[in-house]
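First chain A sits with chain B, and in the next complex the same chain sits with chain C.
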Partner chain A sequence: MNDLTLIRKNLFRKKLRAILLTLSILIAFLIFGVLGAFYKVWNSGAELAADNRLVTVNRINFTVTMPYAYWGRIQAVEGVEAASFANWFGGYYQEPTRQVQTFAVDPESYLNVYPELVFEPEQRAAFIANRTCLAVGRDIADFYGWSLGDRIPLLSNIWQKSDGSSSWEFDICAVFDGREDYPANYAMFHYEYYNEDLAFNQDQIGWIVIQTQSADMNASVADTIDTMFANSPAETETATEAAFSEGFANQFGNIALILLFVVGSAFSTILIIVGFTMVTAINERTGEIAVMKTLGFPAPRIFRMVLSESVMLSLVGGLLGLGLAWGMVTLIAAAPGVSAFLPGLSMPQNVFIAGVGLAVLLGLLTGIIPAINAQRVKIVTALGKQ
Partner chain B sequence: MFKQIGAVTMINLRSIPQRAGLSLATIISIALVTGVLLGFLAMSNGFRATLQGTGSDNVAVALRAGSQAELNSGLSSEDVRLIEEAPGVARDSEGRPLVSGELYVIVDGTKRASGTDANLPLRGVGPQALSLREGFEMVEGRMFEPGTNELVVGASVLREFSGFDLGETIRLGSNEWVVVGIFSTGGSVFESEIWADIAVIQNLYNRGTAVQSVRARLTSVEAIEDLRAWEEDEPRVNLDIESETDFFASQAGGTAVLIEFVGWPLAIIMAIGALAGAWNTMYSSVDTRMREIATLRAIGFSGFAAAVGTMVESLVLAALGGLVGALAIYLLFNGVSASTLGSGFTQVVFSFAVTGGSVIAGMVMAVVIGFFGGLVPAIRSAYVPLLTVHRSE
Partner chain C sequence: MASLYELKDLSKRYTRGKESITIFEELTMSIPQGDFIAIMGPSGSGKTTLLNLLGGIDRPSSGSVECEGVRVDKLSEGKLAKWRSQHVGFIFQFYNLMPTLTAAQNVELPLLLTKLSGKQRKDRVATALDIVGLADRKGHRPRQLSGGQQQRVAIARAIVADPKVLLCDEPTGDLDRASADEILETLQLLNKELGKTIVMVTHDPSAAKYAARELHLDKGRFIEAKAEPAQ
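Showing the complex of A and B:
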């Protein structure tokens, strides 16, 4: 019988207690894993941002538009590799509640600055050539059951044509994917096709996306652009794509702090429950430990055994919890329609690794006091008790 | 019988200090679970209260049909003029229609909490806007002068965003504005707004004479039907007309429900974890009192009394945990100001509200955890074999 067997037997000597402890540990790690996966999606805008991509918006606010001519002027700025622009369409399909994230873009330049968007070569060419084309992200196409060749009307809750209608007809000629986790949950079409019919706000664009020659030039490019438009009716604010995404996510509130509170509560709970139970469990075994010492088990070995017992308990609960979280996240991600709203939902590797680390830490924290107690057991007093 | 139950229960409760560690663990774990639930509910209740506290049944809001939100809407001065003449619209003592055409531009404000920019509505209003907001008052300073670059700021904006103090100059794009007043509307959504003269905003943002929304005071709550009927028959307008109360209540839905949809499942899953903890504690409690329970049984106490004693102990610990959690959340979060992006695509400032209803929900959850945590140990304590009396420790 080696130490491991002894540790295992000790751990499960009271089966119900071991199961209950495992269950409470499992729950904490389940919460950690699932929230970690959701947080990754939440944060994906900043995470997936290219480090040499900048976003220029109107300084008043990103919902305020800028003149179309800015695009041309920005392309000429030193350090700019490529630039494109987009405008928010406020699109919906049939019913106002069935919203479709839709952008009016200049296709060729837009695809240049977003190499993450994956097109079949002939569909890419069709999107660029065909002015009534709507390029649809895979997630959206699946959600609405659209396929290549469909002709669909999209309505705008903002824009109107000069004839008073708010509906634009599109031919779906491309369905695109996102590379790796990059979201494909939006649609885009030719800015020209939409702009020519606009009843108001013609020749205005929402934001400009810039690819700089290298990330080192970001600051100087941003500075040049913002200085160029200073004191004009539409001043600009240029930031890295990551900063822009993060700023937008922050508008909803400090989600990270809320999640920290929840995960913190879950872990405090198990720390307290498991910690006190381990102390009690080892106290119950004082006599046995004294016998082991009598038999010649050195104190450090007993210390190690008790500590290993709590680490083993944490790891069993933790791995089960993380496994369950992985299963749940996979199930949720596979549910119909989810990918359109939570693109790239999956169990992130770093959350899993952090979870395993936390499990070991939890085991050490809950085991350290009982382990010290066990190491200090004096044979005379312990056996004298009986 | 009841005497027995009372006696055993008292023995149980008085002996809790002997198991202080595990009992404390149960109380704290249940307090944390209750706290998480109440925290989420305080958030959603606070947000909902702010939106539901906004608006009046006596005011109708008209937007361009299909626009869904004020921001997306656009109406002409002709639309405003037609609404002024429409049936059901009230007039003031001098016979002027109580109608206010308004528009807003989203501008950046810096959140105090994060230091990042967030969307704030800069609303352009005319002289009638005040008569359409009940409870409007200037808290500090004065109202803006029409035709100037002066603006007044809602009290909530001041609380959550930096740079809007009285007298401060604000640069929005290439224009400078001066804050001349702070206003309150009794904690409603309008307090999360900045107001300036509509003509100045129309001019600066090239909106001509267009507005986004029209608010009209109704002659009575029912008069909204007259207004809707008029809209149906009037070919020159194409509007969505809603009472202001409904307009804001429908906006409360999404966010508040979403918060609850996150909060409840999290709390329930955490409750299962705490339940395992409570069960473990009660199990140990019965374990350490084996001889004591057996002795009681030997001198004639019923198994039922022993079970009740154990169950009451569990319920008391759980209720204590629930109370501690509720109290902590109340002290930490009640009234705390926060802001999030509302459905108007601008920040809505609200205060966390720990309501009586949510405290009851939290306590019920705590007691349920205590009940199920104590159930099996209680049954077990009813069946302690009498021979345990003789077992040596």
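Showing the complex of A and C:
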């Protein structure tokens, strides 16, 4: 027997109470883990952004296009290593519910600024050479069962062709992957092929991706670009790729704030419930604590034991919750089609580490008052009440 | 017999609201090593308070409590806790065993404060339980034991760290006569065979007869009633 035995036995002396407390903590950490995993996917764009990549968009917002000519002018700016552009196609396959994130790009320059996209050399060459080619991310190809050589129509819910249709025919000539966690859940095609048939908004592009010579030059390059187009009909705003990705994610609302609110509410509730229960549990044991002190257990050791009890409870609930969250996230990620829309969905290590840290903090917060009370138990008073 | 405890001019006063209550005033006594004293007296006479002072779980308002030359009343809380763990065994009226622990684990509790190995602790626990005749109940939890058996476990816990003195507060107060006699015989055995100094507070005159001396505490003064054990 050691202190840990005592802590464990005291913790589970009232099994129903211990189980209910563990369950309530478990639920809080389950929410934390699952939301943390989704938050990571949501913000993966910002996390995966290159330091020396900038994105220029129309100053009004990124859904408003800018002239194609901007691309050429930006390439000439001092400090720009390479530049490319893309336009949002808003594609779907057969049914509007079967969304395919699709961009109209200049293949060669686009692949140049995005070395994270991994192509087989012959497929890369085919994509650049074939103007009707659709380069498809592996996740999308797997989801729809597409393979090289397939000819498929993609419809746009934004753009229209001059003949009145919204359908573009493509030949799948490349399937690409993302390096490490880089997403491969979208498709790309030639801007020229799309632009020449547009009924409106021709020669307009959505955003320009710029690779600077070094991250140190980001500020000066961004400033030069935005100054260059100041007072034009399409003024620009240039930011780092990370800021652009964050802004893109935030168009759906401040996800971080929503998560903070949900997780914060869950944890505040748990803090109150567990805190009060721990105080009650220790008060019930005042006599036993007095006996331990009588036997010679010093007050600091009793303080540590009570605090450890609270931390252990929190850790048990927290680890079970995080484990369950990991299981749920793994199951969701393995479900058909999920990787196409939530690429890289997994329990991030930092969420797990933060969860464990949070469990320890929760244990310390809920245990500190009971531990102080236990430390202060007056033997004579406590034994006198028996 | 060499003196174990020296109490000099011991006073204890409590304040309850604006009222100051004197339990005893300038009490002086000596407890020789190996003595078995029964302290009797009316309720509120300060028997338990005296026991608490001897055990270092309460401090006097004035005067001194000295045990083997150590001023117990002057020790810091931390040192006092250590002193208690090494020198004093406590036996309470309501046994005060940990309900979640087995008999053996309850007995082992004071040994967690020592540097003994697990094996040494186990041996000591076995010996202590054997002395009180409960070797076969080591795996039982307190609620699975009778009152008398629980008190014997409490005695084993009190002696397991081999303290010189046992302080017993109404050790038979919650027991039937037969169980009480068993407990008192065990205490007598510990006193005679192992040389433990025992100070026992009791209301029960027949319990007091097991002691070598009976002291009556009345109005803050001791009256010695008996010098030799009757049984």
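Please note the rule applied: the second predicted complex is superposed on the first by the 386 of 386 C-alpha atoms of A that agree within 3 Å, B and C clash if a C-alpha of one lies under 4 Å from a C-alpha of the other, contacts with A are read in each partner's own complex, and residues count from 1 in each chain.
Just so it is clear, a contact is a pair of C-beta atoms (placed from the backbone, for glycine too) under 8 Å apart; a residue touches a chain by one contact, two chains touch by 3 or more.
None of these values were measured; they are calculated from a predicted model.
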So in the superposed three-chain picture, is A:Ala266 touching just chain B, just chain C, both, or none of them (first/second/both/neither)? first
Touching A:Pro336 in the superposition: chain B (first), chain C (second), both, neither? neither
Look at A:Thr280 in the shared chain and tell me whether it touches chain B only, chain C only, both, or neither; answer first, second, both or neither. first
Please work out whether A:Arg59 is in contact with chain B alone, chain C alone, both, or neither, and reply first, second, both or neither. first
Applying the document's definition of touch, where does A:Gly149 land relative to chain B and chain C: first, second, both, or neither? neither
Quick one: is A:Thr294 in contact with chain B, with chain C, with both, or with neither? Answer first, second, both or neither. second
Residues of chain A touched by chain B versus by chain C: which partner has the larger set? B
A:Gly90 contacts which: chain B (first), chain C (second), both, neither? first
Per the definitions at the top, what is the overlap between the chain A residues touching chain B and those touching chain C? 386
Residue numbers of chain A touching chain C in their complex, please. 1-3, 5-6, 9-10, 13, 287-288, 291-300, 379-380, 383, 386
Residues on chain B engaged by chain A in the complex (per definition of touch): 21-22, 24-26, 28-29, 32-33, 35-36, 39, 66-69, 71-72, 74, 105-108, 111, 113-114, 116-119, 172-174, 205, 266, 269-270, 272-274, 276-277, 279-280, 283-284, 338-341, 345, 347, 393
Given the complex with chain A, which residues does chain C contribute to the contact? 52, 55, 57-58, 77-78, 81-86, 90, 92, 94, 96, 98-101, 105, 108-110, 112-113, 121, 157
Using the touch rule from the top, collect the residues of chain A that touch chain B in their complex. 16-17, 20-21, 23-24, 26-28, 30-31, 58-61, 63-64, 90, 96, 155, 157-158, 160, 166, 200, 230-235, 246-247, 250-254, 261-262, 265-266, 268-270, 272-273, 275-277, 279-280, 386
